[in-house]
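Pasting the structures in now, so scroll down.
Each of the next two complexes has chain A plus one more chain, namely chain B in the first and chain C in the second.
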Partner chain A sequence: MTTLNRAWGNLTLTGKVLLPLLFLLLVAGPILIVLIAQFVAPFLVDLLGANLGIVRFVVAVTGVLLFSIPAAFIIIYMELKVIARMNLRVGPNRIGPAGAAMSVVHGLKVLMKEDFTPTGADHLVFTIAPVIVFLTAVMTFLVIPFGPGLVGQDLNIGLLYLFAVGGMSVVGLLIAGWASTNKYSLLGGLRAAAQVVSYEIPLTLSVVGLILLAGTMSLNQIAGQQAGWFTNWFVFRQPLGALIFFIAATAEANRTPFDLSEADSEIVAGFATEYSGMRFGFLFFAEYVNVFIISALLVTLFFGAWNAPFPFPQVEVALDPGTLGIGLLILIAAAPVVLTLVFAAPIYLIRSSTPAWQALVLGFVLFNVVAIGAVFGIAYAGLDWMAGLVWFMGKSFAFVFVFVWMRATFPRVRIDQLMGFAWKWLLPAALLNLFVTAAAIVVVDTLKAG
Partner chain B sequence: MTAPAGPRQHPSADDPRIMLDDQIGAFETIPPYPPRTERESEFFALGDGEMFLNMGPHHPSTHGVLRVVLKINGEQVVDLDPVLGYLHRGVEKLCENSDYHHIISQVDPLEYVSSLFCEWAPVMSFEKLLDVQVPRRAEYIRVLTGELLRISSHVLFQGFMALDLGGLTPILYGFIERDEIVEMLAAVTGQRMLFNYFRIGGVNGDLNHEFMSRLGDWMSRALTQAEANAGLLNENEIFVRRMRGIGRLDRETALRMGVTGPNLRAAGVAYDLRRAHPYSVYPELEFDVPTRGGEGGGDSLDRYLLRLDEIKQSLRIIDQCLHQMPDGPVMGKLPRLLRPRPGRAWAAVEAPRGLFGTYAVSDGTHQPFRLKIHDPSFVNLQLVPLLVKGNLIADTMAVMSSLDPIMGGVDK
Partner chain C sequence: MIPGIGLVRGLSLTLRRFFQPKATIQWPEVRADVATKFRGRLQLLYDEYGTLKCETCFQCAQACPIECIDMGGMDTKGRFHVHWGAPETYDERREESAMRRAGRPVADAAFTRFGAIDLAPLDAILEAHDYDPKDMLAILEETQAEYGYLPVASLKHISRVTGAWYAMIYGTATYYRHLRFEPPAVDNVPAAGEAHLAAEQAYRSSLGASLGYDQGGAS
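For the complex of A and B:
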């Protein structure tokens, strides 16, 4: 009793308040859950069922918002690590295995920093700018098909929606640059505006040829049309369009060699110069979410979306766990033990210096690797969307790697070269691509008819 | 009854009320005082659509603490004004109050990237004052270590050039080479950056085994490595286009402005102090004086490429030094107390950035009466307004970086 008393005395005021609450939650929580399930649930299910569209939308938005954070984290970590290897450095290697938790810690650091508004800044605009930038980036996720059926909203004007929403990010960048009351920010914001608006045109025109070929603007249907062998991918029918899209999308996402709006050797950090804390975090996240989006778009439009490069022979996994009966229980109970021993045995036997417990630990790790692999293999073979997701993510991150690679390699272009390139080369090339595609469609149609 | 005379109240930038009371105009002109010269009144008069951009002294790409006030119209630089003095330590005055041996460590951090050259010039001028004979082995060692440091300075320049244009990688490749060189020099001198190695009458300590083995390893791959690193940039279309035709410096302007070193040679003038006024053992060594730039003078790309040419010539010199180096002592005979006769002596060396010279005046005591230091970066930096005007903001970096100033030497 005295021990309890002493423990209670050691608690701070916050602890004294929180501890009873915790007990209350543990006791009252289950009761509440039961009550809700008993009385509110039927009504709730009816309500949700009546508004399935809204529910689907809310779930999709939540999923997309939740997905954007780890995606950005992975890309940030990738950028740190890949550029480090290309610079002959080691990169982050302290936090987590091989520094893998680095970007999580980055995120926490950004959250904990002081949220600072410079004197003379327009507070409201200054605050709302990163939100616009981040939301426009994340909102484009809604129409991207991650796999068969794995699409937030299958809009029939998906491509149009993408460019419309993506183009709105320039508003955020511009007002971020203007509201900071900093000349570097102003220059960065204006550069971003000029650049994004200029590259929007070749970017949009480069996919018009593809739209003509596909006959639809729904990303889901464009993805579906590229099924089968990889020769069906639109990159082979629209090579020039894919190239223009790649370059213009790089400029849209403010990536090297077109990262003029945050050119650190010229205008310090561009529109983000005065930002700190989580407001900077939003700008920072948006940049990496954009990298993923342009990679995902490249994959969706030109590189076969979620389709594998060649049609796999259909593997039938007709495994219904229910038919195993009690055997299933035995399998789940016995497989870990047996397989751990099986994997541990050779390790123990081959090297006599290995202690038995090390062999067992290694065996258990090996078993886990194999088991996870097997589960994923079965899921891949049995579930369409799983296979699609694997291919989509693999291809997208391959392109993310290309963007990171470009960042490590290229110097930055100059503003006049940037604008000249957009208006003198990309725009005529995009128009040429459009005319050639349209003419080819007409010719082919005429030949088929005649 | 008057109010009690308290301390006068100054408006403080830290006081939030004052900042809130009178809104600061973020885009107002910079100087708080009325113009003092004709140049100031011309510079600080803003035209239509122009604004000032204060770049530095804390800016990622001004190479230390250079501050440049840019007058910009959109992206175009209309006028600019470099502001110096943020790193002023009064080295010349310190030297007047140090005895002759101490001066070597005072001048060391002037050009901190290639500090041996800062030691070399004063040491040579003191030797002239004292009539000291430097042993030939010591001279060879000076040339050898100096040329090593010239290479390290130029590879670092190459990296910073790329960094200022937005390329992340070459700086680290440059630092690998520099690290090798600096480590092998540290094996001889005991320091990695400010070597404090040259002495009046010779050098402090002979070459040792670690230095020679490291040098041998490095020399076997230095040329291929330099070419490989250059390939990353020289064949990059973006890089070449950023540099070509920017900051064109013609012969006459270069000579008129007193430019020396690679910047002068890139403008087409084959003036190298090692050949024009030979010192040390350079007459015995074979090397070319590379020049670049055609009729219209040299641009930033020429200045960049010329330094790569110089790396190859320096490698040639190191090779010859290793083959021709005689045996013998590395310190000459010196009196215990250095009291040179009253007089004056000028000595200059070809540093990686141009002519680094000292003019020593002795009044017969153990300290110099005056030590004037001529630093090449200071002279070369005068070109910035000439070359940048009319270009874009991004070109400011390309030009300034290609002139390769070291602020430690500029501000002294």
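For the complex of A and C:
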């Protein structure tokens, strides 16, 4: 016992803390895991299996919340960089590689600012308004099919759900303006509400023709109907509908040239005037999530969703890794070392001035690039949802680029022009599109029957 | 006109800008190649009616680091004649240092007129050397042999004819100890003090006798 005591006494304070932790990690941890796997896991699996709907919902919500953050960050970065390039500037290039961490730093900045509530503001409503705006943006993710089977909840009224939830953001904007107890905020809120409500109507009407054609409101099925060649995309059957949807969605997401509800150069962010800190951050964040959502919706409804523009020749992965057995393990263990050496060798041999360690580091980096590429390639070839996700994201971000491009180009419209355009042009055009589509369907059906 | 063509043209313009080289200079890593004394070019602008845009606000004259802007004119309502600066600053700005800083011609107090010489022998020498500045040392030596020294006028003439810079010729001439810019001290030429020289000679010979050798001629 004395030996043990002396050894314990010899330890520094750090050691006295670390040693029990090490013991827990190495001994108690595995024992605990085995025990859990033995006794708790079957019960847990049964429980989860019995409530699969809830599990699916929780997983989907977590995934959506987690996804919305990087998506918004990427869009913010893209906006900074693309608009800068279009202004013949370079844009952010100090933080992270090519300024890529800029949006993260923006987020941190917003987090560190004082969270201020004006005197006399309706505290509860003031607090809850950004939450509503952000949640309506994030909730719409639930029904968007990111790939075959990659949908949070395949509602059969998915499109209706989208417009219902999207329409709720008006409530958020309005109460944000109201609760600030500031006449300018209130006017900004009313202005935003008027705009969003006006454009809600052509937005909804523009897809009714598409619903008639598709015969369903489930986004998943609409996506499935556009498989095959890109001529199957609904944009070729509903060009006017696609155009109206595009314009109305731009206004709905408060993007240039219809961004006058928060025109930063004119009315100091309108309804968001009194907001600061992370509450303002959420309003800001919701805007960028909205940009992604309208791009994703455009892609889902009109541009073939997760389908490739042409049917790919199916590439079969030549070797099923499962058949290798223990060989697979050996391969996984040996591949990094062998490939690093293989990639390092030519660098070392060709340039004699390169030290061995540099060649090895370069070889390791090359190996990683190749390995990640190979993993993605295999996943793309082997997994349907991976290929779908790649196409969906590619198309969505192409549309995000278009929105950013428009922001770099167009001047802002006046409020009367905005309203006049919605009611005098978009609404009649949407109705025309609806009637023409309906008539065409009736004619085609009659011809087929007759 | 097709409606919406303006939107398309605007979009195409921004897209072209997207791929064009960027105007940003990444200061401080990259610095524009501009002389340190560069202050830009002063230019008065005209508006679309051809009227001078200058409002005689004097801000440029006030800010000018070398006080070279001297301006006057009418005020914006056309009522008063206005002029920049208090009267006492004018004298200051007419000072030699201020004139020199402003890049205006200033009289050189150190300038002395050099005497004219007969350039005919110099031209002969230069002709023999084919006016080649590479033979500068030989030219200078022969010039000195001709004139006894290197007069300023001869150096100026060499410079003008060969094309070599005066400063370079002067530098070459100063480098060699045997080239001189003034006539050699006049020896052996008995001038006014003849009696004085004789007295000195007598003193020298007496000194030489006392030391046991002859000092020889005067040095």
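The rule we apply is simple: the second predicted complex is superposed on the first by the 372 of 450 C-alpha atoms of A that agree within 3 Å, B and C clash if a C-alpha of one lies under 4 Å from a C-alpha of the other, contacts with A are read in each partner's own complex, and residues count from 1 in each chain.
In this text, contacts are C-beta pairs under 8 Å (C-beta built on N, C-alpha and C of every residue); 3 or more make two chains touch, one makes a residue touch a chain.
Values in this document were obtained by computation on a predicted structure and should not be read as measured data.
> Following superposition onto chain A, is the placement of chain B relative to chain C best described as a clash or a fit?
clash
> Look at A:405 in the shared chain and tell me whether it touches chain B only, chain C only, both, or neither; answer first, second, both or neither.
second
> State whether A:119 touches chain B only (first), chain C only (second), both chains, or neither.
First partner only, chain B.
> Check whether A:187 is in contact with chain B, with chain C, with both or with neither, and answer first, second, both or neither.
It touches chain B, and chain C stays clear.
> Go through the superposed model and pick first if A:65 touches only chain B, second if only chain C, both, or neither.
Neither partner.
> Just to be sure I read the superposition right, which of the two partners does A:90 touch: chain B = first, chain C = second, or both, or neither?
second
> Just chain B (first), just chain C (second), both, or neither: which does A:240 touch?
After superposition on chain A, A:240 lies in contact with neither partner.
> In the overlaid three-chain picture, which partner chain does A:82 touch, first (chain B) or second (chain C), both, or neither?
The answer is second: A:82 touches chain C but not chain B.
> After superposing on the shared chain, does chain C or chain B touch more chain A residues?
When the residues of chain A touched by each partner are counted, B comes out ahead.
> Let me test your reading of the model: by the given contact rule, A:415 touches which partner, first (chain B), second (chain C), both or neither?
Touch partner of A:415: chain B, not chain C.
> So which bit of chain C gets in the way of chain B here: 20-28, 38-46, 164-172 or 182-190?
38-46
> By the touch definition above, which chain A residues appear in both interfaces, chain B in one complex and chain C in the other?
Chain A residues touching both partners: 86-89, 408-410.
> Can you name the residues of chain B that touch chain A in the complex?
The touching residues are 19-20, 23-24, 26-27, 51-54, 59-61, 75, 162-169, 172-173, 176, 232-233, 236, 238-239, 241-242, 392-397.
> Quick check on the complex: what are the chain A residues that touch chain B?
83, 86-89, 119-120, 181-184, 187, 191, 256-257, 259-260, 263-268, 407-417
> In the complex of these two chains, what residues of chain C are touching chain A?
Residues 7, 10-11, 13-15, 17-18, 20, 22-24, 26.
> Please output the residues of chain A touching chain C within their complex, sorted ascending.
82, 85-90, 93, 405-406, 408-410
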